[in-house]
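Labels for the chains are A, B, C and D, by order of writing; each one numbers its residues from 1.
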Amino acid sequence: MSASGNQRSRPSPSRWSKRRTRWLIVAVLLALAIVPEFFVTHYAHFESLGIELDARFGFYAWYSFFACGAMIAIAKLLGIFLKRRDSYYDE
Amino acid sequence: MSMHLPALQVIIPLLLAAVIFLFNNARIAYIVSVAASWLCLAIAIQLLLLVNDGSVIEYAFGGWEPPWGIAYNVDQLNAFVLVIVSGIAAIMFPFSWRSIQAEIPASLHVLFYTALLLCLAGLLGMTITGDAFNFFVLLEISSLATYTLISLGKDRRSLSAAFQYLIMGTIGGTFILLGVGLLYTLTGTLNMADLAERIGPLQASRTLQAAFAFLVVGIGLKLAMFPLHLWLPGAYATAPSVVSAFLAATATKVAVYALLRFMFGVFGADFAYGEMHVELMLVSLALVSVLFASLIALLQRGVKRMLAYSSLAQIGYMLLGIGLANVSGLTATLLHLFNHALMKGVLFLALAMVFYRTGGSSMRHMSGLGRQMPWTMAAFVVGGLSLIGVPLTVGFISKWYLILASIERGWWPVTAVILVASLIAVMYIWRVVEVAYFKERPADLPTVSEAPLSLLLPTWTLVAANIYFGINASVTTGIAQNVAQTLLGGVQ
Amino acid sequence: MIPLDQLLPLAVFVPLLGAVGIWLFGYAPNIREGATLLTSLVLLLVVGGLLPAVLAGERPTWLLVEMLPGLELKFVLEPLGMLFAGVAALLWPVASLYSIGYMRGNNEQHQTRFYLFFAIAIAASMGIAFAGNLITLFVFYEILTLSTYPLVTHKGNADALKAGRVYMGILLATSVGLLLPAIIWTWQVAGTTDFAAGGIIADKLGGPMLTVLGFLFIYGIGKAALMPMQRWLPAAMVAPTPVSALLHAVAVVKAGVFSVVKVVVYILGVDTLAAAPGIEWLLYIAGFTIVAASTIALRQDNLKRRLAYSTISQLSYVIMAAMILAPISIVGAALHIVAHAFGKITLFFAAGAIYTAAHKTKVSELNGIGHRMPWTMGAFTIGALSMIGVPPAVGFISKWYILMGAFQAEQRVAVAVIILSTLLNAAYFMPIIYAAFFKAPAPGDQQVHGEAPLPIVLALSVTAAATLILFLFPEVPFALAQAIGVQP
Amino acid sequence: MQLDGFMLPPGLILILGAFILPQVEGRVRHALLLALPLLTLLMVWLIPHGSHLTLGLMEYELEPLRSSAEGRLFATVFAVAAFAGGWYALNKATLLELSAAFFYAGSAIGVTFAGDLITLFIYWELMALGSTLVLWANGKQNPRAYPASMRYLLVHLCGGVVLMAGIAGHVYATGSIAFSSMTMTDGLAKWLILAGFLVNVGAPPLSAWIADAYPEASPSGMVFLSAFTTKTAVFVLIVGFPGTEILIYIGLYMVFYGIVYGLLENNLRRLMAYSIVSQVGFMVTAVGIGTELALNGAAAHAFAHIIYKALLLMSAGSVLLMTGKRHCTDLGGLFKHMPITAIAGITGALAISAFPFTSGFVTKSLETAAAYQFAATASDPMLLVWVWFLLTAASAGSFLYVGLKFPWFVFFNKDAGLRPTDPAPHMQYAMWFFAFLCIALGVFPEALYAILPYQNDLLAQPKSYQQYTASHLLSQFQLLLFAGLAFFALLPLLKQTLTISLDVDWIYRRLFKVLGQEFTFKVGDLGGKTEAKIHGRIKRLIAHMHGPSGPRIHWPSGFMVLWVAVLLVGALGLYYLR
């Protein structure tokens, strides 16, 4: 999470609590986002083509999650090949 | 009077040579020689004007009609050569006075002028005569005079050079005599016009072929055709400057004329090309000569010797023109007879002026002269440009026709050789230019001043001619073309 | 009013008269320089006087002399020649002004000789411009070579001598070795060497022989510096800057490419040549020259050498445009002669101004010089932009027509070359501009100088302004370029 | 020259302004900096649609003053960007940068009023020069700026000359210089023009120039740079190449290219640069779809993008200015110390992520809507399906790599120990102004809709721009929140390192250099050496042939006599044996 790690290498109790509240807030938000799904009907954008994937329950939620996961994974993977030292071109 | 012009052309210098020898006064000899040369030029020009319409003047010496007497025939070809020779003489003779002061002991001045006039008479006679044997006689007169002139050189090597030339010249003369003799046994006449008529039916005769071979080789020797050229560089390089200039501009030209006269006037173009295929020999020897001589010229330290080698290359051009066997080629040869006389004349005269002031003519002597003798070096540069073949000089005109002839023939390698040799000429001329204009004058050589006007004036007359006939070459080219067409006749 | 056909030879004789004047007044520098300036202005008037006629479609002819039977030295007024003569005549007064500032500012030796041969070189350029046939062109072409030799070797030291050798060697070798036989061959084939719209070869020569003739001509014109005949141009940079500026940016090199265009249009004929097999190789070679010379320019630290290689590259633009063999590309070629002349002379002027004021010759020494010499470097920037072909500089216009021509003839190689070379042009000019204005001077660099002498600044400002003005008002050169090869 | 009334091309106000600015000082200069863009804006709106000015150049009639709906839209936002950028830069930027920026902005506006291709090209090149000058202006502060600027300039001149070649070919083929849709014409020229446009848009393979050059400008410089070049290119694509299918693929590539490289990037402003590519990718895709709705979307998105991207860059630039740090790895916890900067940054981040009630939400939706609206009638419906799904995913991705990454690593995360303050007031005002615009456009999109190019379409298709339906809002919230979930869940994978990522620019930054070093080009030297060698050889040869003593050699007479004999015998033999 941070490159300047040596400064905070040992875990502290306050850090743990911070992290827990953060996750709690996230969970609440996510729940709030899912709940209205039961009351709103989504409109399938490509009905005429017989594609109704985007009208499924919670489509935007899981699609977003997995798409982002995939993008991060791809970036990470490409990074193996593409990353170079900061001073690469200055040599 | 005018009807005796052909005879006067030769008799005036011949007689005056004897006169000045008798007077034995250098100054008188000089004045008389100059007068003689100018008279000769006037006569030659008059003759050229008379025959310029294509007519032929036949003059029977002493009223004895050929074949008993000696006939002088003047047509456009030899009138043209007469103008060249006498014209050069008219410029060189006035120049000689100052020049020989520095190079020839005063006691030999009268001898010098006598030999000079004899030489001129011989050359003019060789040109004008219509009689094969008379040709030989006049050749020997001019040759003997030439040997004398060369041996007058300040350089000790001039003696050995003159001797070498003597040997070679005699061999050449002998060959010519043999050729003429063979012709006589075959036809019973010595008159060239008669010879031409009688040779006609004898095309396959072995004797005729032998005569042809002897004449070509003999004249080849006189005109320094490769590889018979070895006498020339030594002779030109060691002779007194003005003699080098005079010989370079005239002697070989007359030899070339002789070759043309015999090939076309006696044997006929059909025989020379059709039967003997002389062009093969001429072209191959000419090509080697052009390249070889140019390269050697590049190596010389003495400028005079360099110019002598350059002359060999130029003779190669003339032979090439004959060898190409078309109108343009012959035109080129004839033009080059004239043009080369002009350009080499300027170059040798410029050198003579350098010699006059500095006592030498090597590269070292020329160092830094561009500033000290500007007019002399300017003349040299113009002559050099002409030799290279830069437009607006006469050299360009000859080169133009030579290249045209090779292109018409479709002989591309010949074109290439001509061009390469021109570029080598750039190199050897430019070596001198660089030395003269960019090198500092060596400390041990004295500072000199510009040459006197009496030397500059003749030289610059030639320079002007170089440029004038380079810009307005219609007259010379017109004559050369006419002659070439006449000579070749039906061949093509 | 002098009749037109007599105005024509005046263009050649006025500079020659000027040369005589310069020679006579060599002892009095002020009068001598006055003679130069006066002559250049008179010449400008003379050439300017010809302009209306040629625009109106007149083609006056003046016969000097019949050199050989059927072969005349003659002058003919014609749009392409007018364009070239106009450029040279316009720039001569400016360059004279500049020369005065430069030669005096640097205390050069042999100034009389300098002005004398300069004038002769201009006369030769005029002769080339108005040549009515190949032989006249050749004559003046050679005179130009010879008259510029003393200018190239002006300094007289070993370097200059060596450069002079290369200069003379290559120019004479190509012109005598290749151009002369090409001309004679043409004469033999066509029976004339007169310039005529549509060429004079027509069907008299075809197939591979025509290609050979084309190669002989283009390579024979060594002043066009097509690789591998380019070495004389960088060598000639030892000359004083005014020489480099007028002669090696305008008169000499332009005489080269002018002759190329002239030969392509009026001797070989665009359409005739297009049918010659393998003639497109000349285009490829020109393209290669453009790119290769630019690449070499990138590596030059000597400013004048960099400009010289840039010139080689730009000359091949004209050759390439001509060899595209499309009517529009000929317009482009002609306009590029003009465009490059004004741009490159500005650049050379600037290089000379830097030398005069700061005694610097290397690109790497120019850091921060733009603050000391804002006018000079401003002009340099405009010139460089014109070289790159960026509006609003006139270089854009010529490049535009070359591109159009490339499309007309469907020569995609040419398009690719122009694209690539634009990048290279920028790559070797832009760093100079940046260094001049944005880099801090090197420590120890005192920079005590200011601008160059006034005549120099004046001259380079004028040419820089012309570079911009010609972009906005290209009508006259454009009208001339369009009339090339058109029978009036 | 023909001119209706007293109208002048509005871009000229800024271009002339660029030359006036150095002549004045202090307050007058400040006043001009703010007044000139506003004057331009006024001019943009005073000029009625249509062509008002013709100029002769070469053989052509140029139309440098043709007002159109698209042009006016872009000109408006360019003027606004110049105004806010000038405000932001007021005291901080060098005079040169300001002049250059005005020149640059004026040229960009010039493009939007170009009625013909030649005018367009002229302004196009002036833009390249102006933007390079903006970079050069930072050369003294940042040594990396100069090499980057040269690469930048070369890429743009390359694009420029390709464009010029294309225009020349087009004019040759059609005989017209009018700048209008080129989808009907065919041949090489069209593709060259497209390629020229695409270079400026940041399309592959030359996408790298944006991330290479922009971050090397000054904080204010990058604000200017981000606004004009790519968006002008979007404008010309909208006019010239609507519905060109290849643009869809190119756009999608750009979208994901930006995201992936953005995720890997550590340098804040390079991250912003990658996000420009990604966002412009949306617009290019929309142009590729080419329906009126899609083009409206592209135009609107460009409008909104300029504002929020400028806002983000102002925020990032302020951080750089106040801390001197540019890398995520060096920053963190700045919210407390630079609250206004943080708020600006977060607002911009939300807008770029298309958070509801921000400008990004209303404009990006237009583009996704275009994808599904057109699907039913398109010749290749499945392509549009892919476009929609991918763009939707990319919307989530935008939130991921800019919307979250930027604020998180800079303003939150762990405290890096830096104690800066907010920047100068004028910079704060500029940020407030753009933050306000981001929200205002999101809340009142009608104002923007009213100036979109295709009004008929908007009125006829009510559903398409009803952004604020419950379903749409919910979907968007879900999309963003779960992207956030992915961000925090995978945070360890996003650990920032002090690296750069290789790109196509490797070819010209490294490969060419290596090749150049390996095969040093020495044609000149080579030629000289060969010449000397040949010269020496000839000399030796002749010397050898002629003997060591050279000119003094003496050939005996007997030798010549021998030759005479040889020649005679040879000749005779030849004649007799024949």
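Everything below uses one rule, namely that a residue touches a chain if its C-beta (ideal position, glycine included) is under 8 Å from a C-beta of that chain, and two chains touch if they have at least 3 such contacts.
Computed from a predicted structure; not experimentally measured.
Please find which chain has its CA centre nearest to the centre of all protein CA atoms in view.
C
Compute the centre of every chain as the mean of its C-alpha atoms, then state which one is farthest from the centre of subunit C.
Comparing chain centres, A lies farthest from subunit C.
How many Å are there between the centre of subunit B and the centre of subunit C, using C-alpha atoms for each centre?
Result: the chain centres lie 44 Å from each other.
Indicate the whole-number Å distance between the mean C-alpha point of subunit A and the mean C-alpha point of subunit B.
104
So what's the Cα centroid distance for subunit C and subunit D, whole Å?
38
How many angstrom lie between the CA centroids of subunit A and subunit D, rounded to a whole number?
One centre to the other, that is 30 Å.
Give the pairs of chains that touch; include all such pairs.
Those chain pairs satisfying the definition are A-D, B-C, B-D, C-D.
So in the complex, the part of subunit C that touches subunit D is made up of which residues?
The contact residues of subunit C facing subunit D are 227-228, 231, 234, 292, 295-296, 299, 328, 385, 388-392, 396-397, 399-400, 403-404, 406-408, 412, 415, 418-419, 422-423, 426-427, 430-431, 434, 437-440, 472, 474, 478.
In the complex formed with subunit A, which residues of subunit D make contact?
Within the complex, subunit D touches subunit A at residues 256, 259-261, 263-264, 329-330, 332, 372, 375-376, 381-382, 385, 388-389, 392-393, 396-397, 400, 413-414, 416, 470-471, 474-488, 490-503, 509-510.
With touch defined as at the start, can you tell me which subunit C residues reach subunit B in the complex?
65-69, 73, 135, 138-139, 142-143, 146, 153, 156, 161, 164-165, 168-169, 172-173, 176-177, 180-181, 184-185, 187-188
What does subunit A use to touch subunit D in their complex?
Going through subunit A, the ones touching subunit D are 1-4, 8, 22-23, 26, 29-30, 33-34, 36-37, 40-43, 45-46, 48-49, 51, 54, 58-65, 67-69, 71-76, 78-79, 81-86, 88-89.
Spell out the residues on subunit D that touch subunit B in their complex, using ranges where they run on.
Checking each residue of subunit D against subunit B gives 542-543, 545-546, 550-551, 554-555, 557, 559-561, 563-564, 567-568, 571-572, 575-576.
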